[in-house]
Amino acid sequence: MMKRRTVLGLTASALMLGVAFAPAQAADTMKIGMVVELSGGGAPAGTNFRDGALLAAKEINASGGVMGQQLEISEYDTGTDPQTSRALVQKAIDEGAYNIWGTVYSSSTIVNMMVAQQAGVPQITGSEAPNITAQGNPYIFRTSYGAQKGIPALTAYFKDTLGAKKVAVAWVNNEFGKGGHDVFVGEMKKAGIDVVADIPSEAGAADFAADVARIKDSGADAVFVYLHEEESARFLREASKQAVQAKLVGEVTLTGQKVIDLAGDAANGAVAHVGLTADAPLETFKTFKAAFEKEYNRAPDHNALKGYIGAYITKYGTEKAGAVDQEKFANTMHGLCLKAAEYPGILMDTCWDDSGEMSRPSFMIEVKDGKQVVGETVPAN
Amino acid sequence: MSQTVLSVSHISKSFGGIHAVRDVSFEVQKGEVLGLIGPNGSGKSTLFNCVLGQLQPNAGAVTVKGQSVSGMRACDLNKLGVGRTFQQLSVFPEMTVLDNIILAGQEHHGTMLSRLFGAPDAGLTGEADRMIEFFRLGHLRDEMAGSLSYGQQKLLDAAMAFMAGPDLVLLDEPAGGVNLTMLANLKERLQTYNREHGTTFVVIEHNMEFVMSLCTRIIVLAEGAVIAEGTPEEIRSNSQVIDAYLGG
Amino acid sequence: MNAIPKWLWIALGLAVLIVAPIGQGNYFTLILCSWLMFTIAAMGLNLTLGYAGQISLAQASFMAVGAYITALLTLNGIHWIVAMPAAVVACFFIGLLVGFPALRVKGHFLAFVTLAFNTLVVLVLRNEDWLTGGSYGKFNMPRPDFWIFNTARKSDVLGIALSSNQKIYYLCLITFVVFAALMYGLIRSPWGRAFKGLRENPIRAESLGLDTRRITLLAFAIGSAGGGLAGSLMSPVVQFIEPNSFALVHSLRILLMVVVGGAGYFFGPMLGAAVVILLPEFLRFTQGYYLILYSVAVIILMVYSPSGLMGIGDRILSKLRPQRVVRGDMKEGAQL
Amino acid sequence: MEQFLQVLLSGLATGSIYALAAIGFTLVWQAAQTVNFAQGEFVMLPAFFVLIAMNSGLPLPLALIVALAVSVFVLGFLFKKAIVEPMQKHGNGGGLSLIIATMALAIFLKESVKEFYGAEAQPYPPLISGGTWNIGGAIVSVTDIAHLAISLGVVVGLTLFLNRTRTGRAMQATAQNPAVAEILGVDTNRMVLYTFLINAALASLASFLITPVYLAKFSNGEYLGLIAFIAAIVGGFNQIRGALAGGLLIGVLDNITATYITAEYRAAIPLVLLIGIILFRPQGLLGTSEGRTV
């Protein structure tokens, strides 16, 4: 009895295992491992990042590639699972990736960046959590600066523009939200503003009635809303229903086009500091937006911009380094400043420091009548 | 030399207002084969469950080898030396006949630890094979119990009840649903076992012929009370019994 | 087929597993590690579910407990060889506690209790930052150094250059082989028979002197310890753990491995884990459709062979075998 | 006080939708011993049928009718005929394999929506819209009140149907004792099918009501399914009003916990409640211990 089960089990298992992976090498191509969230909770972000990057790659390849090599992009879907993302970065590297593009979710990036570092493969990430560039990893580069740089830009807005004495913070209780929340609470302390309500919620939360009721009851003058897009939309709707008077202020996500689409009128009046927006009043952005809409029939979001810029980082960094060499690429990128006039794919004047952190100008955006209205430009810091 | 294995004294059990068992007393001596009969609703099953410790009698006591069984868990009762069979088929269908039999005996051999680290068969293969042969299931030893015929499963069920070498075996309608050939076989095996090992049996059964030919003594219950007690011959000619069955 | 003895098949399988990572990339090696880890967890669940018949949707939470205990201990300088047993023992006792509801409820209700337990564990891991690192998790757990075999570093072993990942694979393999051997011994022992008795007919088992309460608790405890062992491997292999890696969906995945492979078959979990972990690799070319195809395959499998892949194989093989002679006896009993 | 009222009313409004999902779940469980792990996805899907119908040019009311019909066919009829029925023929209907099959079905529905419709949340038109009312300082939307009214209406209607009509009584008989029902001449197979159809209809209704709040997204079912189980068990699974009470209780408790006790552990409260109920009052708060098939 056991005998044939043994046979079955072992042969079947062996068959599954026995098939080895045989990566094919083609000459004159530059392999890129695009490891992003194409399914699971991060799918909207990851898909936009990918589409932005693919658009850039198409442009790059059409104009002769990178140092004469055509970009050959392999996509790896992490399913928004950090451990899978780690394995996939490893796979991409095993398959000869010159650069890794992704991941967008910080909880994934913090895990998989160790793999790229060990292998010495430059990684261009869409993540914004502060700790990404705090690991001393010389191979990680951002496409959008970390929350620890973005949120302080808001301090002045809370303190001076709004004159807030008491604020509330609603944040998503995961890697992304916690990072932003910690920076924000620290900033408020420094600025002498009281945080009177501190309300975490689950990723994917749908019912914000209690959260909003608490904020309303706390008597806050302003609310910092640090949630993902969909949760932001639900939050805005509930806040509008309960007629919250306090100003709702966000970082990046709160005034995104997706949020406006989903929240409808409830989004009006929301303000956010945005590092990247497809609606930035700059010629480079308009060109990008038009190209993206033509390619995909929908509007790009900031993750699409990150993907687009990421692909050009690979191109410009390699060309600056003067050779297709991962070590040289990383060294060149540290301390590099690119002007958008000269390097249009970068869209805005941008500098990277030794930790892979970047800086560039940013915008304040307010939602008026269902439209993003770009307010003042915040200088690079 | 006679020795009391089971003693039931003044058991009463009622459910709501219905008296299922009323002041029933009897004793069973070592080596006896006692039949417990009665029309439907006479309280046989309730009495049986009181003896098994599954039901708490309202009054009275049941002792096995001098120990009260009230509230005792089935596994402890078994450890005390009480084996049983079930009305419905009660084997382990996805295990072999041999494993069924070994499982029936293993808890009586060694300790938890020796059963974990000792021999896989708990040293019972020889004994189990003898038991299987005794019940004429030898050719089915390595078959799954679930693939056996109904009658064969009944035999296996009985064999399992004997595996731990119990002093008392309670048989719950052993003849139910078994065909005549198999029934004769079962009866003959039970009698042989009783003769060879002196094991005490208490049998609940509907099949009169089976009870009459198997048992040495019979107790008849009607409406929760004992109405007659005696040898099969005495019962057969007892007018009260005939009334209870025909009138009931 | 019966001409080849069982041990030869096992030796052959082992040989394949020993040479499997040689010359392979890190990714393949890590996938194999993942297969081994999940096989261990699934074998644990197979004991609870397949042999003892107690459903548990909490296996991932035991992996979590195992992984976090190992991570916290090894990050504080305690060697893995000490941390691992500590994790396993802790899971054994927590599993014992989780088993108590099984004494009161069965089936679906037990599924819900264990499901709730799993989610609660994840919430605690996420919210108790001071201990668990919260949603940041724990990372950079050291890989153990076994003096001549330091899994943290690349080196030559017996003249073969082995990477750190390859060496950690061998650690997984050794753990797996030892665990499988112990499990096999357990299944064949009277305890294994008692577990099966509990699954098949608890009332009958109890009447044969089997303490079904004790055996139910043990089924949970030992199965959970298997989850803990898998977790304690995950800590040095993946070197990163965070609460969501142990969410309910992962318990469901482990359950899927057990059932797809064939619950109650010794080799079922190995096959099931291979299917659940490796199949997506082969179906990756189907892009986003693979989960759709996969779920349809599972539905079809469950509809046509509830006993899993091993069940299908069993059926095919028994059709190939000559018909049993003994079936003639059944006529006798079938007359009724 | 204002805050408490606000939280209470919001909780009741959300809870009433949980209740709709829980009622259908309860019905199917009773009638076919089928624990549907895809119940959440059953609530997620109909909204997408509405969106597809609207994208092809139908006005909202017509789209709702089409979506309802398709849902009842797919989630009621097909679910029963293609999955549950063949599995119950194996004689392990309530067993593990059905649990696994419904889990796989959940993945299938989720991934299909994601792949064929899109991964991003979509705005979804409200079934009932209107302004807000101020009740003692708490702000309640007309929508919330309507949700409560609809749930109560469904419970009353369904109870009347089950107790007062011939078909309803036949369905109850089937749930309680299929063998006896069969002897009494009830077409039990048809009655079980009816419960599946009703479940699909209730899930669709829940979908139409909750999606404007949740936004149409493939992953909506993950949380809703769990809540439906918990509500059904906590309320008492053999009672329709039990599921209603369970749903409302979970909705209110969740909000009150988040407001006054802990936001971090708000998800834990329903789970702790679930464990407690199963262990100490397995018939549920309103359930009776009879007719339970554990």
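A, B, C and D are the chain letters, set down in written order, and residue numbers restart from 1 in every chain.
Simple rule for what comes next: a contact is a pair of C-beta atoms (placed from the backbone, for glycine too) under 8 Å apart; a residue touches a chain by one contact, two chains touch by 3 or more.
Everything numeric here is computed off the predicted structure, so don't read it as measured data.
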For subunit A and subunit B, chains touching each: C
Label of the chain whose CA centroid is most distant from the centroid of subunit A: B
Chain with minimal offset from the mean of all protein Cα atoms: C
Separation of subunit B from subunit D, taking each centre as the mean of its C-alpha atoms, in whole Å: 49
Rounded Å distance between subunit A and subunit C, as computed from the means of their C-alpha atoms: 36
Averaged-CA centre spacing for the pair subunit D and subunit C, given as whole angstrom: 33
Sites on subunit D at which at least two other chains make contact: 111, 114, 264, 267
Junction residues of subunit A, two or more chains touched: 38-39, 173
Sequence positions of subunit B contacting 2 or more other chains: none
Chain-to-chain touches, reported pairwise for every pair that qualifies: A-C, A-D, B-C, C-D
Contact set on subunit D toward subunit A in their complex: 2-3, 6-7, 10-11, 14, 111, 114, 119-123, 132, 139, 141, 213-215, 217, 219-220, 222-223, 254-259, 263-264, 266-267
Subunit A to subunit C touching residues, read off their complex: 2-14, 16-21, 23, 38-39, 77, 81-83, 86-88, 90-91, 93-95, 107, 110-111, 114, 131, 173-175, 178
Touching residues (chain side subunit D, partner subunit C) in the complex: 35, 83, 86-87, 90, 92, 94-101, 103-105, 107-108, 111-112, 114-115, 226, 229-230, 233, 264-265, 267-268, 271-272, 274-275, 278-279, 282, 294
Residue ranges of subunit C touching subunit A (in the complex, touch as defined): 1-2, 4, 6, 9-10, 12-13, 16-17, 20, 24-28, 30-32, 34-35, 126-127, 134-137, 139-140, 238-240, 242, 244-245, 265-268, 270-271, 274-275, 278-279, 282, 288, 291, 309-310, 313-314, 317
Subunit D-facing residues of subunit A, complex: 38-39, 41, 43-44, 47, 173, 199-202, 204, 206-207, 209-211, 213-214, 216-217, 229-230, 233-234, 237, 241-243, 258, 261-262, 264
